Amino acid sequence: MPGANRPLTAQEVAAHSSRESCWIIVHGNVYDVTDFLDGGSKVILKYAGKDATKEYDPIHPPDAITTNLKPDKHLGPIDRSTIDQTTSDDPTSEEERARQGRISSRPRLSEILNLHDFEAVARQVMPDKAWAYYSSAADDEITHRENHAAFHRIWFRPRILRDVTKVDWSTRILGHQSSMPVYITATALGKLGHPDGELNLTRAAAKHGLIQMIPTLASCSFDEIVDAADAAQVLFFQLYVNKDRSITKRIVEHAEARGIKALFITVDAPQLGRREKDMRQKFDAEDPSEVSKAGQGNVDRSQGAARAISSFIDPGLQWADLDWFRRITKMPLILKGVQCWEDALEAYDRGLAGVVLSNHGGRQLDFARSGVEVLAEVVAQLKERRGLKFPNEKFQLFVDGGVRRATDVIKAVALGATAVGIGRPFLYAYSSYGPDGIDKALQILHDEFEMNMRLLGARTIAEIVPEMVDASNIHTHVVPVPMDNLFEGNYEKLLGARLRDVKSKL
Amino acid sequence: MPGANRPLTAQEVAAHSSRESCWIIVHGNVYDVTDFLDGGSKVILKYAGKDATKEYDPIHPPDAITTNLKPDKHLGPIDRSTIDQTTSDDPTSEEERARQGRISSRPRLSEILNLHDFEAVARQVMPDKAWAYYSSAADDEITHRENHAAFHRIWFRPRILRDVTKVDWSTRILGHQSSMPVYITATALGKLGHPDGELNLTRAAAKHGLIQMIPTLASCSFDEIVDAADAAQVLFFQLYVNKDRSITKRIVEHAEARGIKALFITVDAPQLGRREKDMRQKFDAEDPSEVSKAGQGNVDRSQGAARAISSFIDPGLQWADLDWFRRITKMPLILKGVQCWEDALEAYDRGLAGVVLSNHGGRQLDFARSGVEVLAEVVAQLKERRGLKFPNEKFQLFVDGGVRRATDVIKAVALGATAVGIGRPFLYAYSSYGPDGIDKALQILHDEFEMNMRLLGARTIAEIVPEMVDASNIHTHVVPVPMDNLFEGNYEKLLGARLRDVKSKL
Amino acid sequence: MPGANRPLTAQEVAAHSSRESCWIIVHGNVYDVTDFLDGGSKVILKYAGKDATKEYDPIHPPDAITTNLKPDKHLGPIDRSTIDQTTSDDPTSEEERARQGRISSRPRLSEILNLHDFEAVARQVMPDKAWAYYSSAADDEITHRENHAAFHRIWFRPRILRDVTKVDWSTRILGHQSSMPVYITATALGKLGHPDGELNLTRAAAKHGLIQMIPTLASCSFDEIVDAADAAQVLFFQLYVNKDRSITKRIVEHAEARGIKALFITVDAPQLGRREKDMRQKFDAEDPSEVSKAGQGNVDRSQGAARAISSFIDPGLQWADLDWFRRITKMPLILKGVQCWEDALEAYDRGLAGVVLSNHGGRQLDFARSGVEVLAEVVAQLKERRGLKFPNEKFQLFVDGGVRRATDVIKAVALGATAVGIGRPFLYAYSSYGPDGIDKALQILHDEFEMNMRLLGARTIAEIVPEMVDASNIHTHVVPVPMDNLFEGNYEKLLGARLRDVKSKL
Amino acid sequence: MPGANRPLTAQEVAAHSSRESCWIIVHGNVYDVTDFLDGGSKVILKYAGKDATKEYDPIHPPDAITTNLKPDKHLGPIDRSTIDQTTSDDPTSEEERARQGRISSRPRLSEILNLHDFEAVARQVMPDKAWAYYSSAADDEITHRENHAAFHRIWFRPRILRDVTKVDWSTRILGHQSSMPVYITATALGKLGHPDGELNLTRAAAKHGLIQMIPTLASCSFDEIVDAADAAQVLFFQLYVNKDRSITKRIVEHAEARGIKALFITVDAPQLGRREKDMRQKFDAEDPSEVSKAGQGNVDRSQGAARAISSFIDPGLQWADLDWFRRITKMPLILKGVQCWEDALEAYDRGLAGVVLSNHGGRQLDFARSGVEVLAEVVAQLKERRGLKFPNEKFQLFVDGGVRRATDVIKAVALGATAVGIGRPFLYAYSSYGPDGIDKALQILHDEFEMNMRLLGARTIAEIVPEMVDASNIHTHVVPVPMDNLFEGNYEKLLGARLRDVKSKL
């Protein structure tokens, strides 16, 4: 075993920078990751023979490497004095200085009026790679935007002259109290936006009485997150099922042991989607001097962070596997990523606790319908076929994707959802302002709930009924006839009254 | 009692500039407004110890402070000589000079061709804060714009070969003559746009035979407005119901005593909406030197004019309260802000005189439907359930929101409305041109009524029948499928024939 | 009678430049037009005491003044030597020089590929006033553009494997041969675009075997136009009915005597519409030095060319008048401007020869539906109620408005129209290229007919059947939900592959 | 016979440069093409007396001139030394140098993420004329864009929890194996984009297990293409039927003899469409010094490449001709260009092997519906009228037009198509990167199929069923009501939170 007795030197490590033998340094230790190169993670080669800590951290929990790598591949500590600091340090590039300038010019938090605003700030202050990972979605990002747009096809039918002095938007999710019909849904790689990663969400959930769903692909380790929670704090867990079921079993049993209250099994990601904005960002960021002769370059390139971390997910997961889950855990099982009534019905008939109607934030199959559209279909069909009414204690429906306002949540609740998952907006909140950001985001939602329930005439979540919305256009997907450019080019727009001889204001 | 015997000095007032003791100067008198600080009006603190007259005037009737503040809080006159004129005066800022330049460059009034034009001018010549208050609406302002857009989904089916030499667009509203099926609806803070505030409307209503609805939140006092009216002039009154019903009772009885002909009770505003454009304007207007360290500033800030003046409104108002109103007044009662047929039916069954189908100009619940869309629903349902026909003498339907043309009014009348309320356009008319503006606005409407009734083949309001419109798309709320940016980016638009070697005109 | 014996001098004329006595010079003669000032033609005052020939010519037939003015108001010839040439001449302004530059830079006629192209050129080379008159429409010009857009909601269902070696798009209109199912519809003020005015159309109609509809408001006199026609050339006449029926009788009898084959009575214009683009152009064109103090100017201004020439039209025209028309003429009567099936049915039941489903090119009632949409309704209802099939020899349906391609015409024919009227595109054709332009325009239409009938699988007009189009969306008038500016502002558009280090082509 | 004994000189050739006698040089030989001038190919005159090789090559197969020209018009070889090299060479124009610069700045092939990207690059690096020919479409190009847009009205209903470890997207087309439900459809003039023309496609088809449909109007000769194919490679042939059926007979018999597996007879092109972008490009490219006096130029000009090469196509082709085809060949017959269910039914009843639902890439009749829309109609009607189910072995449905993603193909397959033709994207792939480009394009499609079938829950093509898509909006063709420019002009868009004092990133 190399270096068993003394720290390895950077020179020794550097000698192993090929596909045949690939060593990397992470947090002061050297690992032989040659075996990992097969599974699609060719990106690792980029760091072969180097200190990969900075790249490794946001996309892996701290225990990932020790958990997944056999002990004999742990080669021992590096002699830090041998590392060339100048190369391992990120140069304070012009781009980074510009970003720091933007950070110091952020609007005050008090100027943030809604969840959209966090995204506007995050886009300016996040590193490009992190922004690309969080904001990207599948293919042409049609579903990503449709998720938001679908809410705009649902309109309110408010009621008047009800005593709305007191309004209460707290509810119960899978039997647990929540201060609003919202939960923090699972999103990967939380440290890309802030060094505390998912812990920002855990702490805010405690403060605001919300439930957090811990992601399998968190940057923080599962235990770090659970440890950060209050004693009574309710946590759910989102699971990507491993090809190696023994790993999955260990994870699930551990989760239950640590008090997790429900298991959300992701079923819409047998393979993680291509997110071209994320992929394209990588090329844009490259040193032009590296660029090989145009048209002939066929260097194999990374397919983005998502691919790098997800090769373990089992595309063979099937309905029959659910029985196995029931044997290894007593936690209620919910399927995350159901996209038509047929599968929701199947889940109900198999006795699951609920389903999340979701398309993975538009990151998987483009032209998948929005969760809130599927909700309308599921509620109608399960009523017709099984006589169910929603919201329903026994079989709960959740929706995520595209939510930006409390009114969006209220629309989903009116249609039958128990609660709605919010992901990206919370990431943007802490990526732009840290813990204060997520705190403010939740305060905004509370304020919006209070006002809009009053304006809608609903004093409790139970009073938000289907008759309060008009969703008759929810299934309408129109594309206008392409523009007649010749006609439009000739048409001279009407202009209104204009000032004379002076520059107008806008 | 301080200063009972001699005028107070500015120095004495300035000592009371904290949450614990807050004095302000208004119109030469000093008031202790410490008690008001609790009710959300923290904005007052900004003027603590100072002369607040300039800020106070447009957003309060002159008698507001004396009416609402107990006598022992009236601390007596200020010694004006002690006020530092330089600080209390508004410096003639560059921004203000630019605005004055724009005012002097206004188009002549004769160049104003339609109601849109007043808005175009007002946007240029109003102070930013006033423009922000008038023009802003709730959340994403979807409903605000939908109010206008909904009229564009209604198309005409004109009739021909009728003798339209004489056309008459006068009508009766709640039994009172009106020169057109339009009334001036209630809008708050009329002095923000012009020093005469609502009186501009009162005088124009007299001249043009229109009915004005006096707002609770007028800048002018109720009596000022009534006094400005002609003897025979019909006035309605819009009421925000106070948590303290004795105040409401006093107001209603006074209104009836002064000859008000109908009471419009606002039911869509248990809490005034968040208008982010208004809120954002406040931050933009601030001195950058005040800006605290970005991301850490959590100074509590004003939520805009609307919130400041509306904390008295009772969110507990309910159907049962209507009996009480019937006991204290004989004025016909109309509910303003009904938004679905169920509540319109309830109002009818309870014997009210009518309802205004309105979403408060898009300023309350975003994604509330437009009044004219709700109209189609209400007419259909009340016909089916109660056999009613509209327009109906006994139970009158009104609509407001988004009206810019006489054709908009005609569409609503065809669908069954008795009359239509117009608000913002009249404010913009006098904000841009004073009394001449509102005069011109009404003349434009008269001209448009004459022409369009002729072109439609309707000689009287009664001849404007449902068959004259096609409103079959009124309930259609579509959002196009998100754009395929890659395809659109590649598509090369057709270009028409172009000039050679010379700059084209446009 | 002044000047009976000798020519008048300019000085004498100049003395009569007031409302009380208003003389003008036209084509070398002096006329007293004081009496005309009452009828809304206050614009005349602008030329009081001056030579008005240049302004008068394009908007009046040469015989208009002598026909309409009593003989005693013909004051005799002017002594041309007394006219100050410098002031009566139009200075070669910078604007005019720029326009001449654009004229000389016109694309060659061979580069004109479609009817849109004429409009693109005309917009550049026409005088602003002429362009404004031709291109403007009512109010917000929604109907004007809808006329074109409606055709885009109709799609083809072409048939294959038919021998289309020979295709024939000639047809019969009211029993007369036409080389295509198109006629040249009536439009006013033809000389605004070219000194030969409507004669350009007459000559082209002869050459291409088309039927022209002579307008009442032609710039050329009726007889000039008829005289310019070939012996066998078929002409129709469009009639605005005069309040003074004796004038109308004289016109109709004269038309019949001169061989006019059909009388199209305009029924959609009891009053000519407000065309704000036209009106606004007038203000823009003015000398800024004339501009009175902003906000106080209330000079009465012209309402555009249309109003100036149309005050004689009778708004009292009604169904009963049609009997009178039948007594004074044997020409077939067609109503121009029918806009719903009820009036088409009435016209059929009264034995008329047909109707033109038209909204006057969008120049009258905004939000009137397009002719082609009304066509679908009329065909359906007249089939259901009277068992009619269309196209129909006995009762012919015509459509105008928004046509730019032969495919538009074919769509209307498929739905049941006998022929389609085209107006503006022909005006733009000769306004941009004179007689060659209109010749080319018709050649383009012929080419398009040949190709598209082949592609559609229709060898004759009779083979263009309803099954060849899908018009199921014709009645759909949608307005997308207003844009969510915050979401759209944050969304970062996908960008495709880009070149490096070099300017891209477009 | 001139020059029988010695090579001709350029001077001799140059003497024949008129309509009366027109000689051209192609590949070192002189031809008398005077007889060709009648048939619409006046473009030839441009090269009269000159070397036309460079222009001739991309738009004719090498054997075209010898095949079509009688032997006595083959005048023999040119003496190359007599050709003035400077004039026959294309000057390295500034435009061409700029294009070469763009070529060298192409993104590396590894940066190409989807089929759109090839188009983005091709637009930059192709010669303008070639780009214009490939990218142009009929009239206003509405159908061209609708072809793509129609897919956006079809949304997915993915299924979950199926074992998608292995997914297989291979299928059988007309009984022949294909690695995906895609074939390379016929497109003309392949050498415009790359000197190897269609051979690029043939080689890529071999490598990737695809079927290529050889076009009649290929730049390469039929035999060149067949020779380039592997022994077992399946090829189809697209046929334009010649007015001279003996030529067609010879072509078809030859195709069958060479092993072609199916004959696709084009039925949507009795005349080739007008493609205005292509036509306009010609004028733009011209030397301005040639431009005749504007407005008077009536030089007859080329109508683009398509017209030049297609005059032989028989517009008289009809259903009865199909019997003749059955007599001369045993190849299965498929009609290419069917556009309504009636014709698909006729094809089925006549025993054909299938139909391609296509509008010729939007290049023929504008406002023809997209193939995928027609597919929905055909499947529904043939089920109702003949009890057919699709995909169907006996009568296969194909679709082409607008495909850019594997998801587009999957949608068509779900609706009943056997396979989908892709044309332009493959041309753009090799036009931008040569053979590597088409290779990469097919690899991208394979990757997309794998991922999207997994995400959809379909393991085989047979598992892609109609229930997996929602195509309920496929027949919806809406055009939004024209924009209210005055309202929109006045509306002040909401702005989100903004940075202070610093330039934002985007």
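Couple of notes before you dig in:
For clarity, chains are labelled A, B, C and D in written order, and residue numbers in each chain start from 1.
Operating definition for what follows: a contact is a pair of C-beta atoms (placed from the backbone, for glycine too) under 8 Å apart; a residue touches a chain by one contact, two chains touch by 3 or more.
According to UniProt, the chain labels map to these proteins: A, B, C, D = L-lactate dehydrogenase (cytochrome).
This structure is a prediction, so every number in the text was calculated from the model and none was measured.
Among the remaining chains, C is positioned farthest from chain A, on the basis of C-alpha centroids. The two sequence copies chain C and chain D touch through a face in which the numbers common to both fall below half of the numbers used overall.
Separating the CA-averaged centres of chain A and chain C is a span of 59 Å.
Centroids built from CA atoms put chain C at 42 Å from chain B.
Residue positions 104-107, 111, 113-114, 116-117, 119-120, 123, 140-142, 145, 149, 152-153, 276, 280, 291, 294, 476-481, 484-487, 489-490, 492, 494-496, 500-501, 506 of chain B are each in touch with at least two other chains. Remark: chain D residues 114, 116-117, 119-120, 123, 135, 140-141, 145, 148-149, 152-153, 276-277, 280, 288, 291, 294, 404, 478, 480-481, 484, 486-487, 489-492, 494-495, 500-501 touch chain B in the complex. Across the complex, chain A meets chain D through its residues 98, 101-102, 104-107, 111-113, 116-117, 119-121, 123-124, 139-140, 142, 267-271, 273-274, 276, 279-280, 283, 291-292, 294-301, 314-319, 321-322, 335, 337-340, 342-343, 364-369, 475-482, 484-487, 493-496, 506. Partner chain D is touched in their complex by these residues of chain C: 103-111, 113-114, 140-142, 144-146, 149-150, 152-165, 405, 407, 411, 433-434, 436, 447-448, 450-452, 454-456, 467, 470, 472-473, 476-480, 485-486, 489-490, 492, 496-502, 504-506.
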